[in-house]
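Next come two complexes, and both contain chain A; in the first it sits with chain B, in the second with chain C.
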Partner chain A sequence: MSTDLVVSDLVAGYGDAQVLHGVSFTVREGEVCAILGPNGAGKTTLLRALSGMVKARGTITLGGAALTGRPPDAVARLGVAHVPEGRGTFMPLTVEENLRLGAYVRRGPSVEEDLERVHQYFPVLKKRLKQAAGSLSGGEQQMLALGRALMLRPRLLLLDEPSLGLAPLVTRELFRIVRTINEEERTTVVVVEQNAHLALGIAQQAHVLETGRIVLSGTAAQIQADEQVAQSYLGYRV
Partner chain B sequence: MSTTKVQAKPVAVERRRRFDRRWAGLALLLAAAIYAPFQLVPFHVFQLTMVLVYAVALLGLNLLVGHAGQISLGHGAFFAVGAYAAAVLMDRWALPYPLTLPLAAAVAFVLGLALGVPAMRLRGLYLALVTLAIAIFLVPLLKRFEELTGGSMGLTLAKPQPPAWSGLAEDQWLYFLTLAIAVASFLLAASLLRSRVGRALHAVRDNETAAEVMGVRLSFYKTLAFAWSAMFAGAAGCVYTWVIGFVSPDSFTVNLSITLLAGLVVGGLGSLSGPVLGGLFVMFVPSISQDVNDAAPGVIFGLLIIAVMYVAPTGLAGLAGRLIKKIPRKE
Partner chain C sequence: MAGFVQQVVEGLGAGAIYASLALALVLIYQFTGIVNFAQGELAMFSTYIAWQCVAAGMPFWLALVVTLAVSFAGGMLIERVIIRPVEGAPELTIVIVTVGLFIFVNAAAGWIWTFLIKDFPNPFPGGALEAAGISVSFSTLGVLGVVALVMGLLYVLFQYTRIGLGMRAVATNPASARLVGIRVGRTLALGWGLAATVGAVSGVLVAPLLFLEPNMMGGVLIYAFAAATLGGFDSPLGAVTGGLIVGVAETLAGAYVGFIGSDLKVGVPLVIILGVLLLRPQGLFGRAAVERA
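Entry: the complex of A and B
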């Protein structure tokens, strides 16, 4: 399996405040990579740098194509779908309009196919197509955000705290779907998550970020077994 | 689960029925609009014509403010540009009037594109201020280039005459011209908003960041929204010139821009009927209040805006929608 996403020496921040101080890692094609770490470690900034929302130095390549320095819309066109923290739902628009917006970079009959595909993953959305997205529950909105990202036909899916504000059962269902998507579509996934246990459950690789640097990397199993990580981030003792 | 399945069908039927009723309503409205000029005295026909002119201008403003979420206090300037473009073309180059419509719209479009550039970087109050400045400096500019614009005196033009085959009076002919242009503008805007482009505009309005990560180029759509809104304003301005037969700088002061924005908000932002209701408001409220007292129009206009915002925060269109829902239906 070839290497898909290569991040090296990534430096990013907001104005004078530098958040990431040289982050490097790779993700192989079709794999899920979990980014763990405490609040303020730079997890969200890392995803934003990947999708072009914050300016970054260093290099990011996806399947050999350079992403660094491109504006967000150009990065999206290269197949990077970012599900932002807080979901980025277009509240007044209907569920269907939200989904169609996800396929904004493409036109033609393939959009209808993808709608059908998203309906299969998320039957609940199909029932609510004509409903305003703002009237959905938190869990449904997160599913909408994920479905919308799928409409892009992404080769790289960036998920920022998908569990935020959701009931444990809903979260588990969501991660199950992410895993299915990853397995069926061979989409590479980078997931940032506070709920480390769930994230490690679907990931092959994991990195622990602390104050803008990667302090620990390994397979999901290794990270899960690491006592220090368990104590610091997983919220339970082994 | 099973209950939702059972309900699914009636919901679809209900939706189709609402859709049919909407088309029936529109057809009825159009029929009334066609019938009206044969029943009214010329002055009232003229007033209705002006309502349509304002409606087209507001339609453009609605694209920008209601659908793309930007703000413009300079919409009157594009209206003026369209009006003057038509006037100058007819006066200096003796162009036949139908040709002035696409040209005036095109001039306004290009100008809107140029002035849309600040919109890429500015938002909210800052954008409001820049667009306000455009409205302010237009009047002295028009007075300055006297040889082209006629200066403070303005330009007087012959109104388009009805062709003999139509058998219509001048006011009726102008009314039908305006009606046709208004209907075409509404169809154009409606199809624009239903398309992928319309969704992108809404996305920019509702959540810029999320729109951007989905591949929507913000700068492109913001500039385009300005250009389109200017284009509709320019077309409306051109028709204004045909209908009034006279343009002067003092018809297009800052006041016009503010009145247009107020009219749109009162009519209903982001709704398709909002511009028509706003046009009625802009046309009739000042002239009716004039009958009460010479000093009344400004006061009444202001009070009505405040009243409407209290009673119907979504504008008259929203209020009408709520009232229609209250009417009991016979099944």
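Entry: the complex of A and C
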């Protein structure tokens, strides 16, 4: 069965302030989709609508199952892992507890296997298992957030600005790992990112969001080559 | 010297009771950020349920089990019906709601069982353990034992079970807890049920020492507040330690500070609350709100 993510006519906002005005796109199973756009375009809101954190109208389906109207915990149980803005770390809990919470909706021996797998992706976390997560550096916390998301064995991974506040070297490492995860686990990924270069580097498809509407869609290569995108988001002319 | 140790032991006995109610306060505060002013009254109501069961001919320990179960369900129900609608409202609104609950529960108990005092059976045998000139009543030992047991059970629940981990996750970051699939509403209700159960234990422990009447928890609640403030409102271990310290301080002040005596003893927790808020607002075991970003 395909686990394509199909979003159509998505409208969402906060109270009276409508942020998304009819967003439609499809992400094929196992692909990485990058959502680019300036501040305030609605990128974070889009991810929040996908995971049920904000109320949305329109339809969202993952592998045929409707996500629209479900609360975030129900969406998570359908296999959607959202790494939110600010990383969502459980600060006073230990690194290991944070990871185990990622697998909260699952039980059994597979949880231990997944812990092992996360340790392989992020050896730095393994050294800090008993440490309070709040004491980790920003980069380590972002890795923890990603590790926690993996513990769900997600069908769909939503990443909100993974590069935010991180050193360039750490960011590149993080994107390398996201790509590995996508290739090895065939996890579908939607990544929202200001750093268009990095995001396009791992994506097959990309969409540019402006004031709540998709203004440009294409393959990552097409978007990369687009003159206007280059001027607006990549900082150079093609 | 023996006299002093004797006073300390008695202080610990009283402190264990404050500790158990403080524990209930801290449980709710941790999950919801709500200071539940009605906690003492809920404990009192639970105690009446135990009394009613015993009066109906139930053996004490069975009555206790029934009471704890009813309290748990009652706590969950209160969260659903009374607290849920004001979830996320300004703090003052929630404070007023819990004060209203205080008055309502108090009046309801008076209406059902009248304000006449009632004898409550002491589950522990009379007599005392004598050693080195100090006598510790079985009742005090029993109270200390029960509070230690409750503390131990909560520790195991929070540290070693999946539900406990989920509860701690909700307490620290509810939005993120939702994203990993935890049903936050259910967890909050569970927290209230748990707190009501722990509170019921404190009511049942205190009733044989005082008398059972609708206002019996008023004083205990103030001591529990002092205990929770001293230990830190976000630390169960702190609540228990705070309770014991408050109990001992109160007893010693009453016994050795002439002008305090037994009349001004009630002032001790207020002095403690004021002192802590001035010197160390987060309490002995509390976390000050600083974290690495």
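The working rule: the second predicted complex is superposed on the first by the 235 of 238 C-alpha atoms of A that agree within 3 Å, B and C clash if a C-alpha of one lies under 4 Å from a C-alpha of the other, contacts with A are read in each partner's own complex, and residues count from 1 in each chain.
By our rule, a contact is a pair of C-beta atoms (placed from the backbone, for glycine too) under 8 Å apart; a residue touches a chain by one contact, two chains touch by 3 or more.
What you see is a predicted model; the values in this text were computed from it and never measured.
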When chain B and chain C are modelled together on chain A, clash or fit: clash
Contacts of A:K127 with chain B and chain C, given as first, second, both or neither: first
Chain B versus chain C as contact partner of A:D73, first or second or both or neither: both
First (chain B), second (chain C), both or neither touched by A:G138: second
Partner chain(s) touched by A:G58 [first = chain B, second = chain C, both, neither]: neither
Where chain A meets both chain C and chain B, residue numbers: 51, 53, 71-73, 76-77, 81-82, 84, 88-93, 97, 100-102, 104-105, 107, 148, 152
List of chain B residues in touch with chain A within their complex: 4, 8, 15, 196, 199-200, 202-203, 206-207, 209-218
Chain B-facing residues of chain A, complex: 51, 53, 71-73, 75-77, 81-82, 84, 88-93, 97, 100-102, 104-105, 107, 127, 130, 148, 152
Contacting residues of chain A [partner chain C, same complex]: 51, 53, 71-73, 76-77, 81-82, 84, 88-93, 97, 100-102, 104-105, 107, 134-138, 148, 152
Chain C residues within the chain A interface of the complex: 162, 165-166, 168-169, 172-173, 175-184, 287, 291-293
